[in-house]
Structure formats: structure tokens, C-alpha cells
Amino acid sequence: MSDLHRTNAAAESLTYVDVRSVSPALEYYTEESLLGGLWKRPELSPRDRSLVTVAAIIARIQTVEMPFHFVRALDNGVKPAELSEVITHLAFYAGWGNAMAAVAVAKSIFHQRGIGKDQLPPVKDKPLPLNEEVEKQRAIQVGNNFGAVSPGLVQNTTDLLFRDLWLRPALVPRDRSLVTVSALIANGQTAQISFHLNRAMDNGLTQAQAAETLTHIAFYAGWPCAFSALPFVKDVFERRTSH
Amino acid sequence: MSDLHRTNAAAESLTYVDVRSVSPALEYYTEESLLGGLWKRPELSPRDRSLVTVAAIIARIQTVEMPFHFVRALDNGVKPAELSEVITHLAFYAGWGNAMAAVAVAKSIFHQRGIGKDQLPPVKDKPLPLNEEVEKQRAIQVGNNFGAVSPGLVQNTTDLLFRDLWLRPALVPRDRSLVTVSALIANGQTAQISFHLNRAMDNGLTQAQAAETLTHIAFYAGWPCAFSALPFVKDVFERRTSH
Amino acid sequence: MSDLHRTNAAAESLTYVDVRSVSPALEYYTEESLLGGLWKRPELSPRDRSLVTVAAIIARIQTVEMPFHFVRALDNGVKPAELSEVITHLAFYAGWGNAMAAVAVAKSIFHQRGIGKDQLPPVKDKPLPLNEEVEKQRAIQVGNNFGAVSPGLVQNTTDLLFRDLWLRPALVPRDRSLVTVSALIANGQTAQISFHLNRAMDNGLTQAQAAETLTHIAFYAGWPCAFSALPFVKDVFERRTSH
């Protein structure tokens, strides 16, 4: 919802007038329940809500929502370098074509705002410190489970994800985890929630923020995705509390 | 498949000539097996088939199919107010961006057909009667299971969905349930089928209609979605029969 | 990624310059890790990688990637008739609208390359031989499980899929299976992996090729889809080995 001009053919933004012409009720819910309600709840900052929303709409390739929410993310304090890095991250966690659909929209917004290379993360940067012990345990466990099933996938997971992408400093690990968990929920990848929600909370996401992420994402990925995630989120919360 | 002119950039309709130029077999299956076969089966009315189809293509953001099937839905007896309400409903059950992708197509069709505000559901209308006992049981069960996990999601589910959206009179509960179940199957949300299929049948969907919904949706969401839903649908049928 | 001109409104291809303007890192990963790395691994031929990629991007409706990868598939030795048949096959295995999104892109590429009807599979062709015993067992098992749940779906599965589509000679069964398995993984349809991966291996896909398919598809469907598939793939491998 915005008055943004078309940024490209695949991502024409809608205006409130457009929405009203099909569903006055949907316009009302958008203004009152969503932008005027959910987004104002204090349990999650507007910047966090933008990270969750952007992750969800890229994970679902909801191109029509991208121009509005990419601009909103920048306005809510997501730096251009961070939005760039979210897209890079989701190439691995939601699919290359999902990231490319986001590139098609973001390039016009970056161009309009004069965001150039100097504001984008470099190809290679000083990596964040790695917790070698935690990563070693992860690699051993995945290797034992699946090393013989798909050695290439297991090796790439170590080399490209946990010893490269996750160490890029353009997005702090807590935000990278928040984006990852949001994409998992939005894509119905419930089997991966346990590992990544635990990692997110180890990286500093609070339980209250994780709970509100579910509240938020229900609107962007649909209630069924949020409800299908609930038992897995509950299990993570309970196991961490009982420790 | 239609000769509809482009309604917008994201939703160019294909003609039979286009399909034939890539796959004569796909044109044949579309004419013979799908439109000339499946759609003619008496187990489900053309109007119901349109509701199922529209729900599936919005749930999957199959924009290329939207112009043809939105027009077909209107021609099959889905009222403009009902199509509008299906889109509003799916904002909650398939994601806001899914509904917005549908708005982008529907606005042109509504404009072409001179469908104005007087034919659309109002923002607020006299709500349908609520079965307080059933809703109370639902709320207690969800609250006990998940109230401590994501209080915001649980509260919104009560306030926005079961005490607001589901009571809107623009779509009768049986049709609203049919759209919901179709979106769940099309999105692979098997964990939510049991609750909503039972609700659909409580709302008047017959077992034969539910069975044929699966037959129909296999074409629009792909066979794997239909087959993954089968055990859950079977379980609902068996439990209701043994009562 | 390509310099292909727009083939249609829904499928504008991106150039490296576009990607760089949003994320220099994503351009790097695309050139080095993906096209210059993954695609060069000997475990799967470029033609097979194209089949897997095309199946994944159609299954996920990643329209922005379609022009580049359809052209690449043709250049990697996928015949026009085979690409046509992949699209036809995925109408049934990923959804009619998914196939139609592919038609919208392929028609321009076929037109540009002068690919006409003589290079496309005919509507009806001499069917491949059917293993009646295997098909009989399949039909009995599915019939016993689900024949009373959705008779139409079960009948269509026999008539349209296993006694028609799968016997079309335009795609050899091994390739048809590879496309099917790739679409299942890309759409998170894990419950269907066991049947179709076994069928794929019966049709000649080696375990090493199946393993590398997972490695490959992680990039196009996202890591979570590949990891959610891993336990199901592992189970198939182990059961076949222990026989």
C-alpha cells in the first residue's frame, strides 16, 4: 500500500484506492488492524517488524508487497546494507529465485534513493568471530546424520553457510536469525524451526520477541503458517525453560 | 486461458494459442481433461469449483491464472461481493500479500464490469449469529495449548478471526470454510486440515463435496498437495462416521 | 542472470549489474559459488542440473529466473520437446498455474529460437510400455488406502497420470522422475518423496545423482527445503541398501 510509482513490471504497488475498489473491508483491516494495530504493538520494534515482514514476503515471493515494505524497512531504520544482506541471506534460506525477485524491486528503490556501492556490504569483509566449539558440534551432528546421504549438501552447509554467510558482519547474528526464523515460518518449514529458533535465542532474541514474531507473521504468511509453527515454538520455549 | 486483455502487468492472461505454442499436449489436457472433464463432473457445482479454484490460485499466487478464473467465478455465479470477501478472507488465511496480488487483478475486472462500491461488502455489517458454546470451547483449547506461547496470536485469532471475519455475512460459513480448506490444501498446511475440514462439514459441506474438492484441487495445486492432504481428510471422514 | 531481453512482463531477467547494484556479495556468490562452483561439480551433468533447476523454479513460480534457466536448459542439451514436456508434467505435479507461468516465459523463447510445432511433442504419441504388475500393485495400494476417501482423485491418478502422462515418450521415465522429485523437494512435499524417489531410482537415477540433486536444489529452493527432505531421502537410501 503506497503511492510509490511502479518500480518494475513485476512489482506494481497498490494504493488504498485500489484496495478499496475491490474490498473496503480489506482496506479497513489494513489500516486499522494491521498498520494501525499490529505494527504499533510494543512487543517488537518497528525495525524488527520490518525485518520479519521483509523476510516473509521474500520467502513467499509476494512481489506486490515488496516496494512498500522495502521502503518502509529503510524508513524504520533497516540500513541499506542490512536490507542488501537480508536479500543475500535469503538466497540461501528461501531460494536463489526468491532473492532475485527481491533484487528486481530493491534495485529501483536503491537507485531512487541514491544508494550506491559505498553503502552496500563488500563481497568480503572481516568475519565475525566464530564459536568453534558450537560449530564443531553442529558439523559433527549433521555429518553423522546426513554426511553419507548428501556429502555435497553437508559440506556446502559448513563452508558456505556456517563458516561464511553467518559470519558476515553486515547483519548482526540476532537479526540474521530473526530473518531466518521468519522465512522458515512463512514457508511452512516447521522441521527446521527448532534448530534456528534455539540459535536465534542464543543470539539474543528474547522469548517475548519470538512470540510476537509469530503474532506478526500470521498476517503476512497467513494464520495457518503461524499455527503450524506454534507447537514447534512451544517445544523450544519449554525445553529452554526447563533447563 | 482466455482472450481477456491484459488486466495488469503482473497478470497477463494466456490464450490457447500461447499454450499450444509451448505444449500442444498441455492445451489438450486443459481443454479435455480439465475444463471439458473435471469441471463437468456433477459432484461439485461450477460455482463451488470456482470457489475452490480461486482459493487455490490465490493461496499459491498463481497470478497468470487469476484473470481467467476471477472472470469465470463471476460467470459461474460467485457474486462480486463474494469474490471480494474471498480475497479479504484469504488475507488472513493465505497471507496479506496473497490477497494484494489478487486485488491487483480483481480491480481491473471489477472496473471493466462496472462493479462499484454498492456491490461490495461494507466494512462493517450485521454479524452472523455466533455459536458461543462452540467458540468458547475453541478459545479455551487454543488458549490452554498456546496462550502462553504467543498471547498476541491467540488473542488476534479470537478477536479478528472467530469473532469478526468469520461472522461477516458476505460469505456464508459453508463457502468460507470451503475457501479455507482449499487454501490449506493448496499451501500444504496439512496440520490445519483436521480443524477446518470438521468445521466445513459442520457448516454444511458434505463428505462427497469434500472428496471432490480434493479431486479438483489436485489440478490447481498439483497432485502432491492433494495426496499429502489425503490421510488427514481420511481421518476426519472416519472419525465423523464412527461417532 | 542474463542479458536476455524481456520476454514478457512477468519475467524480466536480471543482469549481473542489477544484482551488483543491490548486493555485490550476491553477485559474487552467484558467479563463484553457484554458476562457477555448484554447476561444475561432476556428480551431476549440466543437463541434469538444468532439469532439476527448471523443475524447482517452476514448482516455486520463481518467474524472474525462468528466462535465464529455460535458455540455459536448451543450451545444456535439454531438447525443446523435453522442456515442453517438463512444463506439461509439472502442470500435474506442481499445479496448472505453475505450468502456465512457465508457458508465459517459454513461448517467447521458443518464438525467438524458431521452435515450432514440429519440434514439440504431439498431443498423443505411442505410449512407452507399462509395467502392468507394478502399476497394478500401486493402484491396489492407493485404492485400498484412499479409494473411499476421494474416488475421483484416485481414478484420475490412474487414468491421467500412471496410464497416460508417465507413458508419454517425450521424456524418458528417469528424467520425468528427476523432475518430479525435484518439484517435491522444492515445494516441501516431503510425504511424497519416498514413493517418487524409489520410483526415480527404479527408473535409473543413481544414489549419487539423487544425493547431488539435493546439493543442487538447496540453492534454488533454499537450504530448509533440502534439509527437510534429508531424513526422507536417507530413509529411502537405507531401505534400498538393506534389501
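We just call them A, B and C in the order they show up, numbering each chain from 1.
Everything that follows uses one rule, which is that a residue touches a chain if its C-beta (ideal position, glycine included) is under 8 Å from a C-beta of that chain, and two chains touch if they have at least 3 such contacts.
All of these numbers come straight from a predicted model, not from anything done at the bench.
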Interface composition of copies chain B and chain C: same or different, split at half: different
When chain A is superposed on chain C by its C-alpha atoms, the rotation angle in degrees, nearest 5: 120
Chain B and chain C, separation of their C-alpha mean positions in angstrom: 27
Where chain C touches two or more other chains at once, by residue number: 9-10, 61, 188
Interfacial residue positions of chain B with respect to chain C in the complex: 1, 6, 9-12, 14, 18-30, 33-34, 38, 41, 43, 56-57, 60-65, 186, 188, 190, 211-212, 214-215, 218-228, 230, 233-234, 237
Interfacial residue positions of chain C with respect to chain B in the complex: 8-10, 59, 61, 84-85, 87-88, 90-104, 106-107, 110-111, 117, 120-123, 145-146, 149-153, 156-157, 160-161, 168, 170, 183-184, 187-189, 191-192
